[in-house]
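A, B, C and D label the chains in the order they appear, each numbered from 1.
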Amino acid sequence: MKNRLTDFRRFQYTLHEIIFEADTLAGKWFDVILILSIVSSVVVVMLDSVSAFKTHYGFYLYEVEWGFTLLFTVEYILRLICVKKPLRYATSFLGLVDLLAILPTYMSLFVPGSQYLIVIRVFRVLRVFRVFKLASYIGEASILIRALRASRRKIIVFMMTLLTLVIIFGSLMYLIEGEDNGFTSIPRSVYWAIVTMTTVGYGDISPKTNPGQALASLIMILGYAILAVPTGIITAELSLATQKKVSTQACPECMAHGHGTDAVFCKYCSARLNPDSHS
Amino acid sequence: MKNRLTDFRRFQYTLHEIIFEADTLAGKWFDVILILSIVSSVVVVMLDSVSAFKTHYGFYLYEVEWGFTLLFTVEYILRLICVKKPLRYATSFLGLVDLLAILPTYMSLFVPGSQYLIVIRVFRVLRVFRVFKLASYIGEASILIRALRASRRKIIVFMMTLLTLVIIFGSLMYLIEGEDNGFTSIPRSVYWAIVTMTTVGYGDISPKTNPGQALASLIMILGYAILAVPTGIITAELSLATQKKVSTQACPECMAHGHGTDAVFCKYCSARLNPDSHS
Amino acid sequence: MKNRLTDFRRFQYTLHEIIFEADTLAGKWFDVILILSIVSSVVVVMLDSVSAFKTHYGFYLYEVEWGFTLLFTVEYILRLICVKKPLRYATSFLGLVDLLAILPTYMSLFVPGSQYLIVIRVFRVLRVFRVFKLASYIGEASILIRALRASRRKIIVFMMTLLTLVIIFGSLMYLIEGEDNGFTSIPRSVYWAIVTMTTVGYGDISPKTNPGQALASLIMILGYAILAVPTGIITAELSLATQKKVSTQACPECMAHGHGTDAVFCKYCSARLNPDSHS
Amino acid sequence: MKNRLTDFRRFQYTLHEIIFEADTLAGKWFDVILILSIVSSVVVVMLDSVSAFKTHYGFYLYEVEWGFTLLFTVEYILRLICVKKPLRYATSFLGLVDLLAILPTYMSLFVPGSQYLIVIRVFRVLRVFRVFKLASYIGEASILIRALRASRRKIIVFMMTLLTLVIIFGSLMYLIEGEDNGFTSIPRSVYWAIVTMTTVGYGDISPKTNPGQALASLIMILGYAILAVPTGIITAELSLATQKKVSTQACPECMAHGHGTDAVFCKYCSARLNPDSHS
């Protein structure tokens, strides 16, 4: 009995290595095939929404969709088996996405039309990033994420300012242009202000009166200068992250880290740094 | 008598602590509730402008609006009481906004329709920034403000150039395209030039003739290169403000610069750094 | 006779000081009034093109226009008198602009309608920049100009790449979309490609077919990544120009310039730099 | 016989010098004339697509097109002759472009209408960049290319994120807005998401419902913050490439770093810098 349990443990461990890790050859292949399946199934979902395609190949798309759903169902069950705490995985973000990526197809058997909820499956594409562990791309991704995290607070302050400005400018445009020129309500005017300030500029709503166009001009110029700020914030942090080639060597005396690559002596205890441990 | 005055002084001081400062627990709670009230009242004003909402819930919105107005009136009077120089507060920018945020509702009793001026209340959202004192966000905000202030002159020079260019290009387009293609006057053509140069591009006015489209192409490409300038200005200042964490102290032995602010010993010659020369 | 000539020379010199320089009080006032006149006359020209304004105030605008034209004529003659080489001034860029800014009004006496050429006067707004000599804005302007000049070649290389890309993408879209979807010719398709790549996006021409929209998506994403380049170029140069706080001190031995602000010894001849001459 | 072969070798070498190199005077002239011919032929192809031009000057354009085609045919044959491995040139990218740039004109003799494929000729414009060898522009181009190559991986990671986001947001908008508001399929909604996120904003498809406009506002603001990333990536790399003019040598006396590449003596302790330690 104990032996059988050990066998299961070993099977569970091997499965976990293949499904959740990407260090072994089998694990890498599993990841690559999984990503290709996810991308293919997303393409199928996208094509299924094109009416011309659906009319001609609807039946085949339907079959392929079921094929992928069964495949992902098997994968979901295997994931539940091989983790030590199945409930923890099932309630995690990726676990919920994995479940939601297969449910709508089953639901469509009882509730017609619900198969369109399958688009939730596109969230599984996020797994692509985990596969980057395969390559050295993860390093670059982490630099980007670190830079974005470091500028988190500046971006929140900036977003608050932007939100205040679009509400104020949207309200002013609502008063100036009025409902006849497409600015039918303050929320819609705020939507227009966001479309203008982010320089998207659909043109579905645009100022018609002279004072409205004058204010819009002001908003655009101000908006552009203001929107240079997030670029500045992220660039400044990325420059730091790119330049900050901090040496990985530790001081042989006090074990302190974080010395510059040009440091000869430890800046905390003055001991000579070991040049051999340079990375 | 003197005792009563002292009581009032103490009451005034406590009130000031709560309303104007955010250091005490009561002050923090007051700020949080105030911000929530302001945001709620702005949402009510915004919903009131949506005709579908107004038809169904107009009466409730009316009541809620009056509730917020009375609340803000009480707050305004308390603010007048607790400051030492009430007139100075009443004539300050925030004081005027506080007054203008309650007046339109009272005015609407005598002048129908004037309650729409209540959108001025959205300016009170600016108070949100003061609440940042609660968190360490104020530091990030001040870095942004310092960077913007440092690049003030460069941005003014840039704005003057931009204004000259849009007037010149707008006038040229007015001559080339003429009134039949939507360029009905020079101011409107300048508005088009601003829409184009800031890359908003509504499309409500767009060149129709061949020379017009050729000039527009030139304006777009030139415009893009020129609009890279404010981004460059703000990024350069933000980079300086972000990097400026390097100590300005020099090593007393080898005079080397560029030590981190946390350095105790020179990283080049191991001499002890003089903490007095810290800047 | 000689005395009279000297008198004229002195008058000429004083006039030159007032009109061309901004060091004296009279010169500063002349510049400020001139700028106000130019701005006012440009506003009058702009208002004159608005049909509603012209109908009501056309006669007054006409009179004001003549007033400004006479004023600028007097100024032009005075400029010719006070410079030593009148022909050189008259054939310079600013001299030609000064002449072209007054000619159209006189021409309109003989050729009706030619007064619209007066928009050339807006070029005189460029003089605004000379007045910056009044303030310290000239320093900031020169940093911007230096940064733009330093990145001149990179920008030309970039512009050539952009031009090649818009021609190639424009031609491809002409073949894909065809004349029925608004892509009536290759030049017009190239115009569309420029509108798209600079993220202006009027929407007057937009892809209708599936392969067209796919290619357009590719162009947009590629375009955005490519258009990050001019921003990067200008930012990098501006960062250098902002950080490069080069000391203005010269070496007392070899007279070499360009030492860093942290330099103690001349980097060319090892002589000790004079700290008193620090700027 | 051997002499004749040597003659051919010499002729081949001289031809190669002229056609493929730009070091000699003849080579420079050949390149300049070639570029002018390519640009002219591209202009002719572009004008030929304008119906008004074709009606009037169609015959002349036809003749000029044949002239350029014969010229480029002679050039192609000469290129084949003067290279040592003709097959290698013929199968290279530029060799194929050279062939494809002349084929369509000949094809149009048998298959009417195929002369429009001649637009492939615009790819020859890429040769313009080789001529930059003439000037020092190649250095600037290589800085740009190096910066782009260094940020290659970051840009790929960014593009993957962008692609995931536009698929998710496009699918959501398809569900929210539906086919009645122009979001006829998921691929078309993804196209809309790309148009919005890159701030192009044609306005051919735009959200009509309230939740749709709310989500679009979110996408725009998020999109702007995200699109600041490629600018940041390229700017950070360009800053590094531009700044990297600081010598990596250390002073042999005080070990100080950060000397300019033109420094002869240490700016901190006046010791002579060791030119051998230059990197």
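Keep this in mind: contacts are C-beta pairs under 8 Å (C-beta built on N, C-alpha and C of every residue); 3 or more make two chains touch, one makes a residue touch a chain.
Remember, it's a predicted structure, so these values are computed and weren't measured experimentally.
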Interface sides of chain C and chain D: same vs different residues, half threshold: different
Far-end chain from chain B, centres as C-alpha averages: D
Chain pair among A-C, A-B or B-D whose interface repeats that of A-D, sharing over half of the contact pairs by residue number: A-B
Rounded Å distance between chain B and chain D, as computed from the means of their C-alpha atoms: 41
Whole-Å separation of chain centres (CA-atom averages), chain B against chain C: 30
Centroid spacing, where centroids are CA-atom means, of chain A and chain C in whole angstrom: 43
For chain C, residues that touch 2 or more chains besides their own: 187, 190, 199-203, 231, 233, 235, 237, 239, 262, 264
Complex contacts: residues of chain D adjacent to chain A: 153-154, 156-158, 160-161, 164, 167-168, 171-172, 174-175, 179, 184-187, 190, 196, 199-203, 206, 210, 213-214, 216-217, 220-221, 223-225, 228-229, 231-233, 235-237, 239-240, 250, 255, 257
Partner chain A, residues of chain C touching it in the complex: 199-203, 231, 235
Residue ranges of chain D in contact with chain C within the complex: 42, 45-47, 49-51, 116, 119, 122-123, 125-126, 128-129, 132, 136-137, 140-141, 143-144, 147-148, 155, 159, 162, 187-188, 190-191, 194-195, 198-204, 227, 230-231, 233-235, 237-239, 241-243, 259-260, 262-272
